[in-house]
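Once you scroll down, you'll see the structures, which are given as C-alpha cells.
One chain, subunit A, links the two complexes that follow: it is found with subunit B in the first and with subunit C in the second.
Entry: the complex of A and B
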C-alpha cells in the first residue's frame, strides 16, 4: 500500500466487496492480478452481475492464465493500454449502482480513476489497491508532455528535453505528478539523481 | 473620480512598471506586527480598510490598462490559463454579473451596464470595449463569460464548485499567479490544491478554512491577504514560465536589491454566487519594490523584522532563499529600531 504525506495524492486501500453495489467492474494490471484474484474469492462477492478485466504480467504463462479463468476472470487483455481502452468502452454502458475495483501500479490506478470520473462515477464508487511499482506518470508543466514510468527524482522530458524535478503534487484529472524544470534558476545545477519511486 | 491610468507600463522585458506616490500609499501592506505569524486571517470583505485598496470590492487602480494588456499577452501565448469545466457555466454567468455590477457602480466614469431584461449593454471606456449581449447566452459574447470579464479585470479569478462537503476548483482565469498552475490544479478538491503548502496542514488551517468557506453566505464576502517576493515587477510567475523567471533569482546584488526585489501581495476575496452556489475567489495582485516601500518608513522597518523571523520552511516555499539575506541587509540600513504603530496603515 502506498501512503504518504502528499495531500493531493489519492489514498489507496485494499480491495473488498462493496455490498451496496449492483454491478461490479473489476480491473487488474500486472502485479494487480493477485489482489483481483483475492477479491473474486472473497466471501460475499457476487458472481453476477460482474465484469472482470485483467492484463496479467507477460511471464504469467498458460498455468497462470488458466488460474485466472478458473476464478472467474472474463477477459484477459495483453497490456495496460488495451485494458484502459476496453474499460472506457465498458463504462459507456454503465448504470447506477456500478462499483469499480482496480489494482495495479500507481500510473494504472490514476488512469482508471480518470476514466471512471469521465463516466460520472464518484470517488466512493471506486476502490483502488496499489500493487507493484511506485513509478510515477509525470506531467511536464512547460510542454505538457506526459512521461510514463518515472522511477527517479529527475527525468529528462520526452517532449521538451528539460530536466524535470518531480514534485510531490498529484492531479487526478491528469492522472500525473507535476514535473518542473530542475535547473531553471542555475543551468546545470540539479540535485543528485536518485531512484526514489522503485 | 477618474483614475489616471498608465497604459504603457510593462510587466516583462524592460519592466517599466512603477508605483506613483499615491499608488504606494494605497498599497495593501500585509504585516500587522513586527514578527511573522501564520494565521487564516479571514475577515469580512467590507468597503473600507487601512488603505484605499479596500474602498471597493473589486479594486481598479492606475495599472488597470497595462495589466489587462499583460493578461492578453499571457493568454495569447497559453490559452489554457483560462479553463472551465462544462458544469461551471452558471458560475461563469454569476461571475460576469457580479463583476459588471460592481465595476459599473463603483467606477461609473470608466464602466457602465444597462440592462433591459436579458438584453445587456456593457461599456468599458478604459479599454474601449462596447458589447451588447444576452445574459445567459454565451453565443452572444466573443468568448465564454469568465474569459470575457476576466480579460477586463486586474487579478486572477477561480471558481469553486461546492459538492460532497468540499470545494472543487473547476474553473479559472489565472495569468498572474505565484507559482501554481491552473492546468495542473483544475478539478482538485480544497486540500488537494493546497497540498504543497508547508506547515499549515498540520496546524489544521485548511480544515478550519474549508469548514468556514462551505458556510460562506451570499452578500457577505470575506477576504485575506497573502504575500511573497518577486524579482522584477513580473506578473506571470507561473510554473509554466519558470524557465523564464527562475534565473532572475540569482541576479540580486546589494546595488540592485532595492529596485528589483518586489513585495508581492495578494488581496484575496471570496464571494458566494447566487445561481450556481459556487464560490468566486479573486486574487488581486499588488507589486511594490523595496525602494518604493521604503518611502513609508514604517513598512520597511516592519518588513525587515518580519523577514528575520520567517520560518525556514516558508523561506524555501516562497522561493526567497537566494536573495533574502541581501534584502534583509538592505532593509536593516533603513530600520532604526524605532517602534512601529499598530496595524498595517502607513503613518
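Entry: the complex of A and C
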C-alpha cells in the first residue's frame, strides 16, 4: 500500500544544472551530499554566483567535501535544522533569477520546498533529488502532532497515541504525509505492521 | 463553448483622457448591477458598425467595489479597422452598445510576494485595475508606466495619485525612458512580472526578464493583437456546409460570424485560445498572428486561431 495514484505525492528528479538561472543555491543533507558533489562537478554547471550549504552525516561525508569546504565552495553546517535556518536567511537576500537545488531525505526535501514556497519560489525554480532514507514526516490528522522519521505503514502517534495509517496524501504546506487512525472504519481491524519507508 | 449572452449597456459618460485616449463609462440598460470581476479582466464591446458588427476587447479599469458602471479606455488606432474609430466618432453619452461578461486572462498571481507591473501607452488600462486592487492588499508592488509625453500620461498620473510611492512614470519626451534591465535586475525572490503595452515593448521586457534568469512562471503579459488586414481568401466551413470569402479588412472569425455561423471566442486578440479551430484541408500557407499556439503547433498547420490569423491559400477547409 505504499504506491498509489494520489497526485499530491511529490515526484523527485535528479540535480542537473539549470543554465537559465543567474544565481544558484545548492543544499544537501546527509546522503544528499553526494548528489550535491555530483552537481557541482557537472560539466556546464554555470559559472554564476552560487551558495552551497551542506549538512553531511556526522563524522563521514564523501571524500572531497573537506576540500570543497576548505576552498570556500561549500559551507558546512552541523545538521539539517541548522541548514534550514541558514537557507531561510539566505533566501531572504536573494533576487529573481535564483535557482534552488536540494538533495536529501524526503523529510528534508519537504522542509526545503516549504521554505522555498514561503519565499515565493515556484516549481520551475526548484530542483530536488531524493537520497537516502524514504522515512516520512507524518502529520496526525486527529491531534496535529508531527511524527518524524516514520519508516512503517503504521505508527503510534506521539501526540494522541492513536495508531495511524500513513497515507500517500502529502501536504506541501505542512511538508508532511497524512496519518489517519488505522482502524477508524472497523475498530480493531488494523493491517499488519510493515517497514515500507526504509 | 459558444459566446455567452451579451449584456446591453448604455454609455453614461465619454471623457477625453489624452489626445488619443477616451474613457467610456458604461451602465446596464436595465439599471441592474454589472457582473463582478477581478483586476485584469476585459470585456468585448459589440459595436453596431454601419457596414458590419465590430467587436473589440477592452480591459476594465475600476474595481468590483462599484458595479453600477464599468470604465474602459479606448485609444484611437491610426490603423483602426473600424472599432476604435467607431468608439471615438460614433459613440456619445446615451449610445447603446453590448458587452460580453468579463473574462480575466491577465490576473494578479495570488502566490506572488511582490508584484512588478510595467505598462506602455494604453496598456495601462488593466494595470489601472491591478493598482486599485493592490492598494488594498498587503503585498508590496511597484509600477512603471511609459508614455510619449506628459499630455499622454493622464492615466499614469491618476495611478500615481492613488499610490504615490509605488508608481513611477517614464516619458519618451523629455526622457529618460524606462530602463527595463535596471528595473528587473534587483527584484527580490518571489516577485511576479506583468507587462502590457505595444508588441515591441512586451517582447523586449520578456526577453530582458528571461536573460536575467526570470522563470516563465513569474512572467505574465497581455497583448491584444488587432486582426491584421491581408489578401482575401476563401474558406469552406465543413460542419455548416458553407463557403465564405474573407475580405481584406475582415478577420476570419468576423467572416465566420457574418456568415451566421456560431463560433467560440473570448479575447478576439490571439491570446486566449478559445477560438482554436481544426484545419481539415489546406493548399497554401496559414498566416498565424496569435501568441497562443507554440511555434511547433503553428508549423504543424493543423489548427488556426481565426480571431487574428489568416491564410494565403487556394483551399482551406475548417471544422466549423
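Things worth noting here:
Convention: the second predicted complex is superposed on the first by the 175 of 198 C-alpha atoms of A that agree within 3 Å, B and C clash if a C-alpha of one lies under 4 Å from a C-alpha of the other, contacts with A are read in each partner's own complex, and residues count from 1 in each chain.
FYI, a contact is a pair of C-beta atoms (placed from the backbone, for glycine too) under 8 Å apart; a residue touches a chain by one contact, two chains touch by 3 or more.
Just so it is clear, the structure is predicted and the values come from calculations on it, not from any experiment.
In the superposed model, A:97 lies in contact with subunit C only, and not with subunit B.
In the superposition on chain A, A:167 makes contact with subunit B only, while subunit C stays out of contact range. Counting the residues of subunit A touched by each of subunit B and subunit C gives the higher count for B. Of the two partner chains, subunit C is the only one that A:119 touches; subunit B does not reach it.
Comparing the two interfaces of subunit A, the one with subunit B and the one with subunit C have residues 122-123 in common.
Interface residues of subunit A facing subunit B in the complex, by the touch rule stated above, are 6-9, 122-123, 139, 141-142, 144, 162, 167-174, 178, 180-181, 184-187.
Residues of subunit C that touch subunit A in their complex: 111-114, 184-191, 210, 212-218. Per the touch definition, subunit A reaches subunit C in the complex via residues 20-23, 91, 94-99, 117, 119-125. Put simply, subunit B touches subunit A in their complex at residues 164, 181, 183-188, 191-196, 201, 239-240, 242-243, 246-247, 249-250, 322.
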